[in-house]
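Lettered A, B and C in written order, each chain numbered from 1.
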Amino acid sequence: MPRRRFWLLSVIAIAILSTTILLLSYNNNNQSLARAQDNTNNNFSKKNIVGGHTPGYGILETSGDVLDPISLNVTIKDAVVDPMKYLREFNYGRVSELPNGTTLREFTLVASDDKVKEISPGVFYNVWTFNGTIPGPTLRATEGDLIRINFINNGSKSHTIHTHGIHKAEMDGVFETIGAGGRFTYEFTAEPFGVFPYHCHMQPLEEHITHGLYGVYIVDPKTPRPPADEMVMVMNGYDTDFDTENNFYTVNGIPYYYMHHPIQIEEDRLVRIYLVNMLEFDPINNFHLHANLYQLYRSGTSLVPHEYTDMVTMSQGERGILEFKYKFPGQYMFHAHKTEFAEKGWMGLFLVKDMTSSSGGQVYNSTPTANNMAATVYSQGQPLAQKRGGDI
Amino acid sequence: MPRRRFWLLSVIAIAILSTTILLLSYNNNNQSLARAQDNTNNNFSKKNIVGGHTPGYGILETSGDVLDPISLNVTIKDAVVDPMKYLREFNYGRVSELPNGTTLREFTLVASDDKVKEISPGVFYNVWTFNGTIPGPTLRATEGDLIRINFINNGSKSHTIHTHGIHKAEMDGVFETIGAGGRFTYEFTAEPFGVFPYHCHMQPLEEHITHGLYGVYIVDPKTPRPPADEMVMVMNGYDTDFDTENNFYTVNGIPYYYMHHPIQIEEDRLVRIYLVNMLEFDPINNFHLHANLYQLYRSGTSLVPHEYTDMVTMSQGERGILEFKYKFPGQYMFHAHKTEFAEKGWMGLFLVKDMTSSSGGQVYNSTPTANNMAATVYSQGQPLAQKRGGDI
Amino acid sequence: MPRRRFWLLSVIAIAILSTTILLLSYNNNNQSLARAQDNTNNNFSKKNIVGGHTPGYGILETSGDVLDPISLNVTIKDAVVDPMKYLREFNYGRVSELPNGTTLREFTLVASDDKVKEISPGVFYNVWTFNGTIPGPTLRATEGDLIRINFINNGSKSHTIHTHGIHKAEMDGVFETIGAGGRFTYEFTAEPFGVFPYHCHMQPLEEHITHGLYGVYIVDPKTPRPPADEMVMVMNGYDTDFDTENNFYTVNGIPYYYMHHPIQIEEDRLVRIYLVNMLEFDPINNFHLHANLYQLYRSGTSLVPHEYTDMVTMSQGERGILEFKYKFPGQYMFHAHKTEFAEKGWMGLFLVKDMTSSSGGQVYNSTPTANNMAATVYSQGQPLAQKRGGDI
């Protein structure tokens, strides 16, 4: 302990000395980091980057004055994703039937790596995306469908699509590098049922992940899960100063977004979240639901829940399905129970609407930032089937 | 790798240079950090603190020469908690019956934030507490009871009580800030059965947690679990130099306490631990039991165990019930299997007493520090009911 | 955020200044770190070590130019282990029958701490081993057998054997320190069935672990698990510069080994992996299987799987059994889904052979580094018994 304190004091003293010395150079740096006036693709000069990035790998520089992300909203037109649209949007592909009766679902995913988008108020970041957003589109199919993903690499680097799930080696997106301008068609049967990440698997992997090349792929069981208000949540982060530590943490791409725009759900209505952790650098992430517990289906590969809780811990690539109902109207937080992640953006709100009031969709505790989603009346959730999935 | 070594050598060299320079100032600092002579509330002047603390937030300075925590004991009268008393103490509240037959349990929790207590031999820390101890009292009820918590904020900062479990939005202790001197009555039905943390939810959250505002809340199933020697264990840490890294790790508030004071249990007697992880800053914590395995009930929300193991990993807010019996007398360690945590205090001993000897409670391997708990003869544990809890 | 950037720039500036100053001393250091010409035991002088090591504890200095571990192979004769031999080697002990019909299995484990072995191409490290390898030999028995481990400490430090599982206090390898040259006989009944780590439990624990004193102990259920191609995988790391951070991550002792030497398995043949995490310093480790999912039996103490997934997270000492079949031939990765670990060596390949071709064992996608393991035809895996293990 005394030695530890000794070192600590040393480090503090060095930092104080050096910050004094550095005041001049910092002021200069600050100007060069000033917010870019134009967020189109080509007016960012490529530079070698300090920190964890491969030298000469051509990473675009992050820009932006850091504004207060709690009190300000991003402008959706510049943002890397519209989190409210992303939340409940499922892409079922272009559907046709093969001669043998199998359903074919065709998807198109286009990779790019030169966009600069707003990821937090005032912070513009070089995003690498599938179809222009972080996370990429949610692909959805039913067990046994034939999946065809037409992959177009419009980026300047090599990229691939690696999907968790069962498929042939040559469809795994690891050794089949797709160069700039290249194309590849991934084809495989949707199996098993569950929730899976898909992501680029090119080296250096942490750059392709931390810049945003991932999304969610859902395989429904043949007998569908009970009706529910379904949504997708991806936990991620952004390392905007390239020091291999995240500066922002989010669910669905933008820090604090669902604090400004609470997710409206209905009293006594089953909610089902497809949750995936794609956080780079940090060893784990987690999900805490307030004033409630959820049934947790790890990896989504079972029809009987593994646990009834309000906390789940996931390392990168882990995922699950969370099911719950709120029986009281009001506003409820959900967030990482790793305090640092929560306080750097990974928190949100559910706004539970009182469905028993005369208006049939009265907002209990309205907020000025609440989005104007229509109050649809859903049917009630049903009891779960008693089948455990994925037996060999 | 060569670059990494290069940097490492640089950092070492800087540290060596600067520690030489700092020898003078360190000696001065050391005197100002000397052990306070009087540990009452008001003789610590409030200062702005370096490190992770909010500037001007009024954190009291930690003091004390760091003594050898393995060879020395804390003095219980100055200590932040009596871990042996805390271990098996359950607060069932003031009980009455409502006209509709429901059991009402009333608790009083008083927050304070100005106490300075001994958390390890010679180390005095500004503790923020519920009812004066870290962890706060263990609240216990049965599923379906009405819980009423009279909360009195005697601190100088705002505080709340956020309980994991099911309740109304306005009872969640998040948006209803209770200012200095304020009072609030939390009321909710105890559901579901399980083990839960309660904690202050004020921002900046990591300060309210790392200073000690948390405890355990147990909801028993209506059909009680089988008889057992029941105990509560909370895993926590202390960041005494405010660098957002823990300097001490403990189970039940004081590092190494149960190494000096082994927990006496009985051969072949079912032990049930209600385990909660409230460790701030570190991503995970874990619990290893020596020479035995335990049945693990994650979150305590099931009556059938999830796993039979000697290791469980929990991120902050995760918890569970552990059940086991020792069939051989003797002394057995339990500790974090994260070596750093164990070696900074998170380790303890079970002393399993030989119940078959003529004295009916012979201590197999006595230690001079063993506490003088009476050897009660309990009845044998019974088989577990086959009900899975918490279905929606 | 601005303050964070300020500090970051300060730290970078200090490092730039100091590295310039240090160029001279670094060059000198580099020569003293040059690869040792002779890797026998005694020509390394003992020095006090910087970083996390106990002063005067006599740790041998790591040596070696760091070569490219991806493009180069270790020479097995100098290596700390032959990972291909280790993979499928089970030590069932010297077997005899006691008068009461119990099977006695006797093992001999010899600890040493003065060997210097190649752990990655060009990197020689002071390894502390059981029977000369990292990991030590895999001990295997059946539930109910009597285990006798004759432990010989040929090291210069004290060591013990601490086995996870059920046994008497005096067989736990914690308080019974075995000094240099000492011997001890551990004796206990093999219970319960499952997969367990064994490791030295001497303080400072992280040194005994990080230097290599661990292995795997398997207890088979009385009714054996279905036939399978069984293998053992231990996840570990090496801190070669003693800064309490790992420089290399591996499965089975040598970074990238199974990338050069893919593990040959057969199409449609059940594979069973006994997986143990012994990684020191990092909070968690994990295991991702490509293009497939596995049935996960946490701690190996159940005959029904806990989860069907391609990702499991384990903190130190956690372990499990993984079962899967590949239905398509080809080459498939398995690796940590913590990118840093993967890119520092914790990755490997399965080479799934096409068993339906005329040759009866055709290698689908041969590599020049593939090992020459004979293609044995195994019988098909059988359905799992429906018994949950480990009930109290």
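Basically, a contact is a pair of C-beta atoms (placed from the backbone, for glycine too) under 8 Å apart; a residue touches a chain by one contact, two chains touch by 3 or more.
All of these numbers come straight from a predicted model, not from anything done at the bench.
Asks: Give me the superposition rotation angle from subunit B to subunit C, based on Cα atoms, as a multiple of 5 degrees.
Replies: 120
Asks: Since subunit A and subunit C are copies that touch, is their contact same (over half of the numbers shared) or different (under half)?
Replies: Counting which numbers both chains contribute, under half are shared, so the two copies meet through different residues.
Asks: On a C-alpha centroid basis, what's the spacing between subunit A and subunit C, in Å?
Replies: Each chain's C-alpha centroid was found; their separation is 33 Å.
Asks: Tell me, which residues of subunit B touch at least two other chains?
Replies: Residues 14, 283-284, 306, 313 of subunit B touch two or more partner chains.
Asks: Subunit C touches which residues of subunit B in the complex?
Replies: 1-2, 4-14, 270, 282-284, 286, 288, 290-293, 295, 306-311, 313, 323-325, 327-333, 337-340, 342-343, 352, 364-365, 381
Asks: In the complex of these two chains, what residues of subunit A are touching subunit C?
Replies: Those in contact with subunit C are residues 14-15, 18-19, 21-22, 25-26, 29, 50, 66, 162, 164-172, 174-175, 192, 194, 203-206, 209, 241, 243, 247, 280-281, 283-284, 298-299, 301-302, 306, 313-319, 389-392.
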